[in-house]
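What follows are several structures.
After this come two complexes, each holding subunit A, first together with subunit B and then together with subunit C.
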Partner chain A sequence: MVKITVNGQQIEADPKKPLIHACHTHDVDVPMYCYHPGLSPVGSCRICQVEVKQGEAPGRVMVACRTYPAEGMVVDTESPKAHETRRECLEFLLKNHPLDCPICDKAGECDLQDFTYAEGQAAGRTHEPRRPLEKRKSLGDTIVLDEERCILCSRCVRFFEEIPKQAQLTVSDLGSRSVISTFMDKPLKGKYQGNIADLCPVGALTLTKFRFQARVWNLTKMASTCGECSRGCSTTVEVLRGSDVKRIRPRENLDVNGWWICDIGRFAFSHINAPNRLEGSLVREVPGLSIARNEDALCAVRDMMMRHKEVLFLVSPWLTVEEGQKLLDYSKRFGSKPIFVSPEHNSEKDTVLHTGDPCPNRRGLTELGIEGLPQKAAIERMQKSKCIVLLGERIVELIGASAVEALPHATSVAVFDCHALDLPQVQACVGIANSAERTGTWVNIDGVKGPIAAVKPTPRNVRALERHLDDLVKLSPSTESMGARAR
Partner chain B sequence: MKAFDTYLLDRAKQDGAHKLESYRKLGGYKGLEKVLKTGLTPAAVIDEVKKSNLRGRGGAGFPTGLKWSFMPDPAKDPRPRYLAINADESEPGTCKDRVLMERDPHGLVEGSLIAAYAIRAQAVYIYVRGEYRLSHDRVRDAILEARAAKLVGKNILGSDFSCEIYMHKGAGAYICGEETGLMESLEGKRGHPRPKPPFPAMSGLWGQPTTVNNVETVFNAPFIIERGGAWLAGIGTKGSSGNFLCGISGHVNKPGVYELPFGVTAKEIIEDKAGGIWKGRKLKAWFPGGSSCALLTGKDVDVVLDHDSLKARGSSLGTAAMIMIDDSTSIARVMEIIARFYDHESCGQCSQCREGTQWLAQIFRRIAHGKGQPDDIDTLDALAKGMAPGKTICALSDAAAIPTLSAVRLFKDELMECVRKQRDPLAVKQPEYAVAGGHH
Partner chain C sequence: MVIVKRKELSFAEQLYIPEILRGLSITFRKMFEPKVTRQYPEEALIKTDVTRGQPRLVVNEDNSIACVSCGLCEAACPAYAITIDGGETEREIEREPKRFDIDMLRCILCGFCEEACPKDAIYMSDELELADYSREALIYDMDKLKRPKKALQDRIDYVNRINDRWQTPSST
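So, the complex of A and B:
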């Protein structure tokens, strides 16, 4: 570590990391386009110019992303010379930029727009038309490129070279004729494509699934955790006006995912937005399942459990630590221990992020003492049981509706899931909140806790599983009176 | 012009000097023999070159001995080390290295070997401009001949010095003549200049210590070894020693490449060598060292040609490629062509250069074609100041900005007149030409 002065403030900086990193970690704002903390610095956009003084020599304006802190360095990011140089650079960057912010998806979170508002001149000096290029060039199913907006920072090029280590993009042609392209216009491959839309400092790379979906200032953003594998990448879930999840983006977390997320996690919101939710509860009556108040459904579940000697609690691996703990405490009254259904590892495992294990909270549940059973073994246990309670998001999907259907009709089943299951065995269905509607914690493969956030309200009459469990505790006889059953 | 001794082009003037046999007859490989047979240490070679005050002939005029001494001590840094010879001569107006390579290629081979010995390089890469087919073939043949005569390869001349020389043909990009762009290109990548530091002496070709020298620079080395550093230091002026090759082109009667000692005036060169300005016209402006230098006016022909004198006039010696422009020529049109060149050749990494070179080209084009706007001259000035100096990774941005700034400073009235009259009074009816880049 070396001691340097930034804007009069003495700070300690790592001489192996660029000066801009030291500035940013001490809340000194330096604009950047080509620099990204997760990629190698190239120093090509030239916007991060700051004035640097070393020893007795007069201050020089240098790019902060290719200058490394040295003992005694005096940095001024706000000197008139630094401002002037950055302003000049900005004018060049805007020379061919179409300024179509009103129809650009990036508007509102665009680095170029922000810095232009902060620093730029009100009027342009060009008399020439801007260079006309392709406005919607498909780079495959995930990404659309707007060549006109591109400022050739090459972050996307370096991303593929350095993170998935499969170079796919390049800057083709020279000088002012440069454009980003894939080799022979082949579509992009792999499951890390979405990251380049986040990396793009302007609106040149956009997600096909997010194009024209929302203005970013209308999105509510909440910190959450991805549930698509046991890596548990930190995410930001963005919801449009409290209804639909429009976008999931990686949230910087150096302990887990760095700045990245795979496309499986990025686009894992169709089930969150899915229609046909079970909005409320259902209880078996003579003709079939019929709508009931949540309390009545919970009473029916309680009665069902009380009627049987043994109860099998099968839970989903998407259960949070908190839900797991509540259920563990409750299930003790029945002398039973919940078991989570553990799906098999899938083929998505790679060397970047994806672990191939679809259970986001395997470690958290295991540490609580809840064991996992593969689907087949879980079904065998179900066949031996007379009373089964299925709990958690996607539990029916994991077990398979056909497995429940194949059970003897005398078996009693209660379901706590987002969707109803209409089978003769099912005595009650209770709607629960999904992973975008509840709070809690998942513990990832390395033991790092990831919070999940309630980013949008639950549908009417739907509550989180935790609250249903609280109510079940209240509605059930006390532990002492059930002592005879608890062994 | 005073009489002076020549040495650079003596052999090149003889027909057939490109063959090893005649090269030896004309005194070739004596320098290399002296180095290898009298036991001169690499440090002694560098000292001799330092004593000669030889400055690089590639444009920047950096002291050659000093550059060689930047290579790390091999005892402390055992990495392999390389010498790259920059023969990617593409600066508009420059054509001096071509003469040496075509007519005296063994001089380059011998010079490269001495330089490689001084910096203890195990391999030399000669990066030849793609269009220089004859140069490439002549140097290649010279290397083959030299290898057969045990002058290149393992244990040269029976000594324990081994060095291989490889040829590489460029693909026509001006930017690959920039030393770090050249190295990227040699490595098989796009010729995008690298940010410095790290400097090539620490991390050059494939990340190893590398020195990049111009053809004419190393061509001087055998003469320095043979005749001594003090001999070269005695030629020329205080800050610039030796003879240099001056390529004079443009509106003169006898354009060509001439060998001259530093210290002659531009007027002497124009009148005694180039036969004066053609068609009895007057000199209006001239570039002293290729199109990247600041323009000078006809009045400046009394300037002494060396690094310091030209710097004092606000220009630079560059590669000593003088481009002469007579008084019938429109400066707007000259600058249109030059700005178009830099727009075409910018690599496109840095924002200022990528957009700025295009912008300059567009404005000069408009002015030259009678569509100038009243604020254009001020914009040109402001843009060029935003592009240079030292605001980008390499000096191409500066190369476009410097002539622009000088044209705006020296010929503001003429440019303003083009704008005011909405036509270029000096315009010559031009045949339609293809516009570089195709999207203007």
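So, the complex of A and C:
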């Protein structure tokens, strides 16, 4: 650690990290385009210039992302000289930039727009027309490139070189004709492509799945955790008008995912936005399942469990720690312990983030004492039991509706899932909130807790599993009287 | 507590008839003066240059919509009357609205949207009438809002004239 002075304020800085990092950690604003804390610095955009004085020499303007703090350095980010240099750099960056913010997806969260607004001149000084380039060049299924908007910061190039460690993009051609392109114009591949759309400081790289669908200032952003693998990357879920999940983006968390997430988590809204939700509850009446109040359905579930001596609680690995704990306490009354269905590892495992294990809360549930059972073993257990309670989102999907269908008709099954399951064995179905509609905690593979946020309201009459469990406890006779019944 | 005293009426006022006659004399006098009321709706409202009616969307000569769904009018609208969903098009300008609703019951005809629009795509037309049988019918969608540019030309000219008065040359 070395002592430096930034804008008159004495700070301790790490000499191995660029000056800009020290400034940002001490809330000193320095603009940047090419620097990214997760990538190696290159110093190509020159917008981060600050005035640096060392010893007796007069102050020099230097790029803060390629200068490293040294003992006794005096930095002024707001000196007239620094401002002037940054403004000149900005003018160069804007020379060919279309500034078509009204149709640009980045508008509202664009570093170039913000800085132009703060520092730029109201009118340009060039009279020549701007360089025309391709405005919608497809870089594969995920990304569209607008060559005109690109400021050649090369963040996207470095991302592929340094994070998935597989170079896919490059700067081709020379001078003002330089553009970003893939090698031999091949489409991008791999599952980390989406990150470059977040990385791009301007609106040059956009997501095909989000393009033009919403303005970013209309999105409500909430901190959450990805549920697609046991890494549990920290995410920001962005919702349009309270109910439509539009984007999932990485949230900086150096303990888990750094600045990135994979495309599986990024586009995991098919499940969150799924149609045909079970709204409310269903209870078996002759001849089929009919709509019932939640309380009645819970009573039916309770009666079903009381009729049988043994109850098998099978839960999904998407259960939160809080739900797991409530269920564990409740299942003690029946002398049984819940088991979670643990699907097999998939082939998505890689060296960057994805663990290949689709259970986001494996560690949390295991630490509570809820064991995991592979799908096959779980189905075998089901065949041996007379009374089964399936709980948690995607549980039916995990075991397979056919596995329930194959059970003898005398088996009683109750389902707590987001979708209804209409089979003769099912006595009651209770709709529950999915992972975008409830709060809770998942514990990732390394033991880091991740919050999940209720980013949108549940459908009518649907509640979180935790609430249903609370009510089940209230509706059930106390433990002592149940013990008496068993005797 | 304040006690308000009634005005003591004079004998003539208590008689009532003289006062009625005085009132009627005013009525008769006014009958021969020029009329200032209008028989709305049989008689249309007088529209002037500054009349600011309901907002309408401009349709270009080539039948494409001028709006690019940038959302600035939506953001500027103080009454939250505008709702826009954008989408991609094949046209040269890549973006256009897929849904553009203005809730006419919320719209307060302030003209902020007209002022905010960077694409000259929304103008306060001279249409003022607004009546229907349900609230839903008064949430106007894109089809109800679209107007050919010609129909809005008077307003466009007026706005340009006003803008010229104080605008400095812009960067684009």
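Just so it is clear, the second predicted complex is superposed on the first by the 483 of 487 C-alpha atoms of A that agree within 3 Å, B and C clash if a C-alpha of one lies under 4 Å from a C-alpha of the other, contacts with A are read in each partner's own complex, and residues count from 1 in each chain.
Everything below uses one rule, namely that a contact is a pair of C-beta atoms (placed from the backbone, for glycine too) under 8 Å apart; a residue touches a chain by one contact, two chains touch by 3 or more.
Only a predicted model underlies this, so the values are computations on that prediction, with no experimental measurement involved.
If you put the two complexes together on subunit A, you find that subunit B and subunit C both fit without a clash.
By the document's definition of touching, of the two partners only subunit B reaches A:127; subunit C does not. Once the two complexes are laid over each other on the shared chain, residue contacts for A:42 go to subunit B alone; subunit C is not touched.
When the two complexes are overlaid on their common chain A, residue A:88 makes contact with subunit B while staying clear of subunit C. Of the two partner chains placed around the shared chain by superposition, subunit B is the only one that A:152 touches, whereas subunit C remains out of contact. In the superposition on chain A, contact of A:214 is made with subunit C only, not with subunit B. A count of residues in subunit A touched by subunit B and by subunit C gives the higher number to B.
In the superposed model, A:175 lies in contact with subunit B only, and not with subunit C.
Draw one line from the C-alpha centre of subunit A to that of subunit B and another to that of subunit C; the angle between them is 90°, to the nearest 10.
Least inter-chain distance for subunit B and subunit C in the combined superposition, rounded to the nearest angstrom, is 14, based on C-alpha atoms.
Those residues of subunit C whose C-beta lies close enough to touch subunit A in the complex are 68-72, 74-75, 83, 85-88, 93-95, 118-119, 168-172. On the subunit A side of its complex with subunit B, the touching residues are 42-47, 49, 61, 63, 66, 85, 88-89, 91-93, 95-96, 125-128, 131-132, 151-152, 154, 170-171, 173-178. Touching subunit C in their complex are the following residues of subunit A: 99, 101-103, 107, 121-124, 135-136, 211-215, 217-218, 241.
The part of subunit B that touches subunit A in the complex is made up of residues 173, 175, 190, 195, 343-359, 362-363, 366, 373, 375-376, 379, 382, 385-387, 391-393, 437-439.
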